[in-house]
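To keep things simple, chains are lettered A, B, C and D as they appear, and every chain counts its residues starting from 1.
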Amino acid sequence: MIVVMEKNATPDQIQHMVDRVQEMGLKAHVITGTERTVVAAVGDERDTKAEALESGPGVAKVLPILAPYKVASRELKPEPTQIQVLDFKAGAGALGVIAGPCSVESEEQIMSSAVAVKKAGATALRGGAFKPRTSPYSFQGMKEEGLKILAQARAETGLAVVTEVMTSEEVDLVAKYADVLQIGARNMQNYRLLEAVGKSGKAVLLKRGASATIDEFLLAAEYVLNEGNPNVMLCERGIRTFETHTRFTLPLATIPYLHRKTHLPVIIDPSHGTGHAYMVPDMSVAAVAAGADGLIIEVHPTPETAASDGYQSLDFEQFEETMRRCKRVAEAIAVS
Amino acid sequence: MIVVMEKNATPDQIQHMVDRVQEMGLKAHVITGTERTVVAAVGDERDTKAEALESGPGVAKVLPILAPYKVASRELKPEPTQIQVLDFKAGAGALGVIAGPCSVESEEQIMSSAVAVKKAGATALRGGAFKPRTSPYSFQGMKEEGLKILAQARAETGLAVVTEVMTSEEVDLVAKYADVLQIGARNMQNYRLLEAVGKSGKAVLLKRGASATIDEFLLAAEYVLNEGNPNVMLCERGIRTFETHTRFTLPLATIPYLHRKTHLPVIIDPSHGTGHAYMVPDMSVAAVAAGADGLIIEVHPTPETAASDGYQSLDFEQFEETMRRCKRVAEAIAVS
Amino acid sequence: MIVVMEKNATPDQIQHMVDRVQEMGLKAHVITGTERTVVAAVGDERDTKAEALESGPGVAKVLPILAPYKVASRELKPEPTQIQVLDFKAGAGALGVIAGPCSVESEEQIMSSAVAVKKAGATALRGGAFKPRTSPYSFQGMKEEGLKILAQARAETGLAVVTEVMTSEEVDLVAKYADVLQIGARNMQNYRLLEAVGKSGKAVLLKRGASATIDEFLLAAEYVLNEGNPNVMLCERGIRTFETHTRFTLPLATIPYLHRKTHLPVIIDPSHGTGHAYMVPDMSVAAVAAGADGLIIEVHPTPETAASDGYQSLDFEQFEETMRRCKRVAEAIAVS
Amino acid sequence: MIVVMEKNATPDQIQHMVDRVQEMGLKAHVITGTERTVVAAVGDERDTKAEALESGPGVAKVLPILAPYKVASRELKPEPTQIQVLDFKAGAGALGVIAGPCSVESEEQIMSSAVAVKKAGATALRGGAFKPRTSPYSFQGMKEEGLKILAQARAETGLAVVTEVMTSEEVDLVAKYADVLQIGARNMQNYRLLEAVGKSGKAVLLKRGASATIDEFLLAAEYVLNEGNPNVMLCERGIRTFETHTRFTLPLATIPYLHRKTHLPVIIDPSHGTGHAYMVPDMSVAAVAAGADGLIIEVHPTPETAASDGYQSLDFEQFEETMRRCKRVAEAIAVS
């Protein structure tokens, strides 16, 4: 941590900061510049309340040096983590594809989707039984009945089931049926929920909040990892920006950045990341080209009548063609 | 709702949309323009799955006409709502000031803060007992012990207690001690929690998510109102933008916009909204001048050693001076 | 255009809007809904001052229906435009690669770069002679001397020269040496400059402003096209968002969106779009996979000592490897 | 400047950075932490190419310490600058109000506006003669004829004339008629134009770009100041964010931040900053309460028929009432 003093900071103010840094168990180095004095604090600043120093007398700003996360860090575990559930594998060279409808609407809808996405190459089935909806007037999901349908689809196809859990009380119920617990973007900083899925031991698909920084994203993962659950997948699903021609802006540079900073697999969601079905195929292949460890794609038998997210869902044929293109690109980049 | 067709949409595609609109229980009007045909759908589009129409054949885009919220709307209830709890009043001409530390740290810290903020003009005391922290390594709050200290401060000063509740399981516990339940920005779309505080019947301070649109914000309020709880205050606490010289960007135009759209009181949080103590006084008076119905301000006996948010907390003297300035501005704008 | 009236708009106010719409030469249709009345205006709204209607009595909002650009539109010219200059081709199936240093620093630097990028597969050379620099204290470019070095590199390698022009007075000078005139992101809405490069007849590489919407981007292109110059390439170089782990956020969904809306070629700049050299290879292949018509990449003999943008420049070897990967992905997606 | 090394940086890599820092004329201090080594570079980093060090071997990141601007800095000139032109004064305790239509449309429109805004308390008249328009199909301004009308209004009312100049070639022409040259938000980084208005010696109203950081804003001012022209006013006119209920987001915290960092006066534009006439009064008084040194407000005899920006223009009566409220608030905050 670097404490930058104001230009006119007094010797007493500088000494005060040195004392404060040392009280925190860190070692202080004073560097006197031509225009500024800085106090460098050496040691693990993550366990301190260093930010509060900013309100100290004569302090201009405080710059952290260390990343705030630990267990998620690639410095701690240099080799990439691979998550495997049934035939679904993501990370360390494996590309895992999760596909299916936004919401579970009926047995027939899920069964036909499961068969179709499996045939096209997916190894996991998505489908929401508990739906977080922006409006209380929107369809809220089939709840446990939906979970049962998903489990039945797994029984018939062997696909791993990925489904969202919205609250810590429901973790046990959802974990009874699901293989991967999804934390939605709106819950990325619901810390009690993160702890609960951490304790469940189930694999977790953690979606990035629409305005979360990557450090906040990795700290959310850290809440899960800290409970002793190492099976966390990080899902980039687009961020909120000034753009309106897409529902969110999908920043694929998240992939090389996360691969440099963490060992956890990176999954891309081109459906929420664009909000328009016609953009999903191009962004899926782009994600694969950029080195994604997996994709999660909304697929529906008849998008136009979907209970939710129809505008961004592929139909079966579009999904099959997208998978063909992804496969060719995956082969192209695998050549060394 | 207006369904705009592609330039080259066929008569069959247009008819298909007319049929779909009518299936949704709406009335369809076709308007044939020089370059585009549009299908106007008349009726309450909020109960439909209209967005899915965007993936229909020949559709360019779908434009909603009606705001998605109902109960929060000023059209439904034109007169402003005033929230009153003990001596705290906000809305319909009353300016309510909530002040106190970010976290409850000790009895002494809370008692001295309560006395100081009351003397300066606050009518409610804030203090976090359950703390949502970005990092699992940060101080997580004193929990029930903290709630008891807050209740004791109320007993001694008469200040209303405002404190955050993070999860639906804890609503009963927190409601036992608090007068106003605060929903943090990270939980603005935690729908189970919104329903739970709605059922509690307690007054609710709902913070805007850092990247929530105003429609999303009002729909979150709608989750609470829908449970029959009319006592919701809307708190603007800054949005995430590209700016880095402030922690968040505080958009005070939220005040006139919300006053036009909703009858609920609007509270401004200049502490989180700027992230720097030295900006808080100016932004507090600006909020009052813009017509805010209340303020929530972080105040700490010694900001430099605060367990959290020290960089944005005022000390007692700074808070007192800020209140003096706010009072003068409130009087100036009250003159008609 | 759709004029949405307030809920309580009077018949007189509605009639007033009908009159105003007709004064603008448009045809008015009144649609009386259950909650709102809307006035639909049929005709070419682009030549009107329709936005001002928003301040009319009883008006809630005005929704445009037509895109504001014309000549750039795919509706006007359905087949994609290909830009060709010397051996450089972009669009309609051709992938054009522009590479070279941020700034022209010396003859030796440019010559070695030109030879290296040509060998790796680029067909155009970039290099700035007039440099727009955020700080007046930064290196401002070699000016005409730099242009001469670029022309010399073209003479020796056959690469097309792409270089920035910053002001309308300098268009003639730069056009004397360059094959493609680049308009920088900061000048995207410098309308006198857009008109001047339009008149020059030279091919234009127009960079998207860091906070420009796509409509604003296409309207900037329209300024050039309107001068009778059809040779415009649209360059996505990243937008400004709250993200700080990249210098800008590179939204590749711009590619499918622009391909749907316009016939002009789309070039991606992964160097400015990320701001970190190590991300450039992955984002280059991702752009190719997403269907980009070209790339513009910063390459420098020794990035660490570059006069500008060293942090985001590839060295020769990194660029060569990136081109190899791009070629394989381009082949993979070309299979139909 | 602080160069943070990667965790596994070798002693050779650290020594290399020490050498590079010293080559730049700075002094290097190596601080060996428990997890990281940092190289602190002491001296004036603003004249170096320090950012390029980021691509050096073993470097994790480079953190600047000093602000990049100099002449604009409050450290250089602690007392606030007051700009005075005719009766218009802004800064150092004076609140200067500029008002008038977006575009000059006719003599009558300007004359009636000038008389009305003067009567309400404005001391400067705004009006665009050269209009930068997003679309080439929009009204582009009356050009020199418009300037003459503005000069005539000054002759009759004594109001200072504030008008935009769009390109360096037109600076002499505009300076012949205007008292204050306005640089629009889209031209904030048009460096040739900034130099030209710097050389003109006229007072300059520099608008912040919609996605410019404050450092970029102050560096743009620095381009003007560097030409020996000290009369620069900084105008906050709103930034582009994800919000859509306002055209831009107006961050009033810019006022206390700029007052801390620079001696230049800060003017607020609530018209562009909100994009809706009904928000302008509240945001005007809020700006005054937050300590703004001036306001620039769009006022039109009949906003509904304005050639541009009608949706955000006040009529005469609304402006007069706004001035009344501003005056009361200015008096309230002036009490010490």
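A few remarks follow.
We take it that contacts are C-beta pairs under 8 Å (C-beta built on N, C-alpha and C of every residue); 3 or more make two chains touch, one makes a residue touch a chain.
Small disclaimer: the values here were computed from a predicted structure and weren't measured.
Within the contact network of the assembly, the step distance from chain B to chain D comes to 1.
Annotation: the chain C:chain D pair of sequence copies touches via predominantly the same residues, more than half of the used numbers being shared. Centroid distances built from C-alpha atoms place C farthest away from chain B.
Per-chain Cα centroids separate chain C from chain D by 26 Å. The mean-CA centres of chain A and chain D are about 38 angstrom from one another, to the nearest whole unit.
Among the residues of chain A, those touching two or more other chains are numbered 211, 240-242, 244. Only residues 20, 46-47, 49, 51-56, 68-70, 132-137, 139, 166-169, 186-187, 189-193, 209-211, 216, 219, 222-223, 226, 240, 276-277, 303-311, 313 of chain D touch chain C when the two sit together in their complex. Listing the residues of chain D that touch chain B in their complex gives 211, 213-214, 239, 241-246, 249-253, 255-257, 260, 273-274, 278-279, 282-283, 285-291, 325, 328-329, 331-333, 335. Within the complex formed with chain D, the chain A residues making contact are 2, 4, 7, 29, 31-36, 38, 40, 42-44, 63, 65-66, 75, 240-242, 244.
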